[in-house]
């Protein structure tokens, strides 16, 4: 195995990788932007290399800086986490060319799967079911209207280079095509530098179910069952589960076999996720994410397998050493993403300084977080601050445990997506397992719930009174107060997300 | 002291009276048997109310406060009587057109209107990219575009004026 | 099941019980002393009832106050946690007489097991192997010398009413008898109001292994395997594991059967722990703890069973609903207790205010803690502040994970036992599994390890410089500084713990 | 500025020199390429030293500091040159007998000596109960008991004088 690895990422995932690497006795090398001088991943690594800059484009996205840091520190491997350079085939190739192990699939597999058009072709050839549609890039909005007639509305326009819900638009009638084409294409160019779009049938009320796979460098592969990821909003996942209520052992085997076939078709190595759209007992390939997913912990809790450890092992050339029969699933796990978002204001990004932090604990609660008191939450990076993961012997216990954990969580100084997750967990349809990818958007999240309105009013008045007394006692203006940057009432009415993409891909 | 407390759009009147060291808390005319205790002055507090225990978190300044109770966040605007009178006048003025401001820092991707354009409420004025997402900024009312304060490609700070609208009578 | 339960305890165990009860949808009622007005258990319960006072004897030990709180709030059950009134038979009886369910064994079982002399008798009759010795109370030190000749040195003098390592002394030669008798008897009177002492052979280099059992009210009982609790100092446990490296499946079955026999012999109900001394393949009954143990989480992590949930179920009269075959063990779990103790100063109690807190997280790390920023750690209560629990697929991973977790932990403002646990985890004999109850005391813990001495010196100097600059900039004397109450050098040389008891019993 | 830093009994000399805004850190004559950054002013700090990253925690006052690095706690006494001279004299005086003080709050369970008794180093003077454990407080040196300041059953605060010993020459 490796002695030293570099983690080319930030936030909770950098810390996640550092943790397993430390447990394996490896020296860990963090890279950090100026903004992340105090970040937990910077502090918790053995070695930290400054990249300079504050924007991703000045730091975590600059392949040359990361490669230079790896060479300078003698890193034997680079783990890219998710996002940033994790699905950049050129970077993967450059890493391997530099004689450094790439903790990820071969560059060729990234390339095929990263291009939605090519991957649909490859999957069709390998006998993997795909969503009905066309695989060729569309020239312009006019051509799109023509093709849409053939496929039938609703239609999804997607960026060939897409991912993360960007560059995706749903079109329900011809009149919407022009605007959708423009914004999708613009977003695709801006996000991926590649404006090619393709089209497929938009399957409206499906479930998003994905299968975790792992391949070694010797042609062996196993899957670790599925994850249910239908609780999403504008195609950003909020809550994930393992297993899915609609997947029984027989379906699990079928989906797993297809997922392994997809991986073998591109000579996959390492951890990957094959995303399916599930509807009425049928499932269709959406895309393969050629890296670790945000939601990998739910699979870990249910299978007992440390996926980062497996990633590092197979990247070092070790054989998996076990087969599908060795993979067992026990109980149920749920993850909730804690994003810096103002839910009642329509999930607007929330920024501020974390003044106040109470993290949940106790039995079967796992916290993967980059939060610390003093963290400044800005707009330069992904809004995901933490993930709360619970395990229970069954889904009912897991749901109750997650509610309990979220009640314990408190992130003061910035708004989080917690209230949205609470609303989901309390919804009878969710508890019954009766939901699809439209479920979250169907909830009215504009009002706070809980019924503590009067108490909150009293607390606010008492807080104000105490503050007034304190400032009367001490004229110390330097005592900073917790403050949440908010956009309320009329201010937010006139902001609407232009994006309306199809799937998430984190 | 009397406070007008707007909790997520619903107004409550809170009256705090201190007499002989005893604090009485009245919400909407009802007396609460409550004990409010700050744990760390960073925002963690504990509210005991009729024996019920609430681990609350309170952050904010004099006028805007966020209270978290059991995972639920309440957005609160709080005014005393003097402030209430002052704010009422401001609100009236804001209803007629005015300046559309950036509610978050971002980059202007595209301008969709020019000075002199007539716009309808809800019509996109420009696209602002923030958090890697493109956001359409819409007209707050039926209006005429009086001025556009930004250029495509320009980075704007939170609160920066974007477009000035003149209300149409 | 119950709708409302009262938790007659404080600290992490009160919070532990509250968590499961909340997950079960029960309303939880906390009781709190004046000192605990801000405690997490006070805050996290639905209802909190003040007991007044600051000392245990004014609050958590006052049966009448607790009963009154339960009646006033309509509690249907009382969970006593561990310590305080948990093994008080009179209280258990008073609770049941008041028509409130007692989450614990019948008072009669507490009585038999609480008296070391009676329990030895009962166990001998039930065919449970006990340590060689006598069961009758000893009159005085002279009589003790005579009896010791028969049993053979070393001898353990133990309080009949003992527990928690109090009222226990080891005597290696007749000359030590008088002093040992005096202090053991004094401690027994002061701690339990009962000075009766008995004697048994002191088995010097054994391992402390205990078996978790659970009985319902219908005569059904199962065991959840063993816990290895040999890492203790002056008979206070520091680190516990499940399973034990010396217990194989066959021995586990034998010990489990004996533990169930012990429980059946006293018509047990609820959760209990049968403690054994293990030596050279043989095991001897030490005592039965008639309540939940501090270290129950390691069993939970390995079996997947929430023991508090099971306690509440059987207390409500529900049948267990499964048999021994349904209990399976997966992987390995370790717990470390985070006590407020100054390790290099000989584990002296450490007091102070927690200014600064960083808790570990990530995969398979569980934190059961009553710590919060601002917590004042005094001498009125038990010094245990938190427990860090990890799970791994095998013991090696669990050890590595615990080291990683402890490196992440930081409790600023008070000293903790963490460095002692780190030293244990790094000791090759521990890693090989070759240790007994004397292991921890054999380590030299007087010096900090880690080799960061120069860096620490630099950090201290830089800290002082920054402080000086800050106070030059602001004359605000109210800015409080972190401070650790310490006893160093010659100050501590002249303090020695008078206690030298035999087993722990938490 | 020069500091004498005692880390768990081992002394290090730390010299901090600031020139033209550049801080140089020298430990025992060796220059460290270090960057020290306080995260929250509550004690969390980050030390980068030759590229190595250390999430340290530092708590204490001007003279006594506890530094935690990767789970290891270092007890530190820190003096500048002026303080060093002053402390040297104090230490010399403390070696001869003196007052035995309570190192923790507790209750005196039993007195084992009386004024006039000759005691030997390590001999128990009294038993102090604290944290529910009984602690023997021992003589720091061969001495004669000059005074006993407490009674059995008495609660004592941390730092309270217990027994005064007069060194035997």
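Quick notes on this structure:
Think of it as A, B, C and D in the order they're written, each chain with its own count starting at 1.
In this text, a residue touches a chain if its C-beta (ideal position, glycine included) is under 8 Å from a C-beta of that chain, and two chains touch if they have at least 3 such contacts.
On a predicted model such as this, the values are computed, not experimentally measured, just so you know.
Across C-D and A-D, it is C-D that has more C-beta pairs touching. Mean C-alpha position of subunit A lies 30 Å from that of subunit B. Our note on geometry: subunit A versus subunit C, Cα centroid distance of 40 Å, whole angstroms. Subunit A and subunit D have centres, each the mean of its CA atoms, that are 49 Å apart.
For subunit C, the set of residues touching two or more other chains reads 44, 358, 372-373, 403, 407. The residues of subunit B that reach two or more other chains are 40, 42, 44, 54-55, listed in rising order.
Taken as a graph of touching chains, this assembly fits none of the simple shapes: it is neither a line, a ring, a star nor a complete graph. The complete set of chain-chain contacts reads A-B, A-C, A-D, B-C, C-D. The residues of subunit A lying in touch with subunit D in their complex are 30, 37-38, 40, 42-49, 73, 372-374.
Listed in rising order, the residues of subunit A touching subunit C in the complex are 15-16, 19-20, 22-25, 44, 297, 300, 304-306, 330-331, 358-359, 361-369, 372-373, 393, 397, 400-401, 403-404, 407-408, 474, 476, 478.
Subunit A makes touch with subunit B in their complex at residues 164, 166, 183, 186-187, 190-191, 343-344, 348-349, 351, 355-356, 358, 373, 379, 383, 403, 406-407, 409-410, 412-413, 415, 418-419, 422, 447-450, 452-468, 481-488, 490-499.
Those residues of subunit B whose C-beta lies close enough to touch subunit C in the complex are 37, 39-40, 42, 44, 46, 48, 51-55.
Contact residues on subunit D toward subunit C in their complex (touch as defined above): 1, 3, 5, 7-10, 12, 14, 16, 25, 27-28, 32, 34, 36, 38, 40, 42-45, 47, 49, 54-62, 64-78, 94, 100-101, 103-106, 109-110, 124, 127, 129-140, 158.
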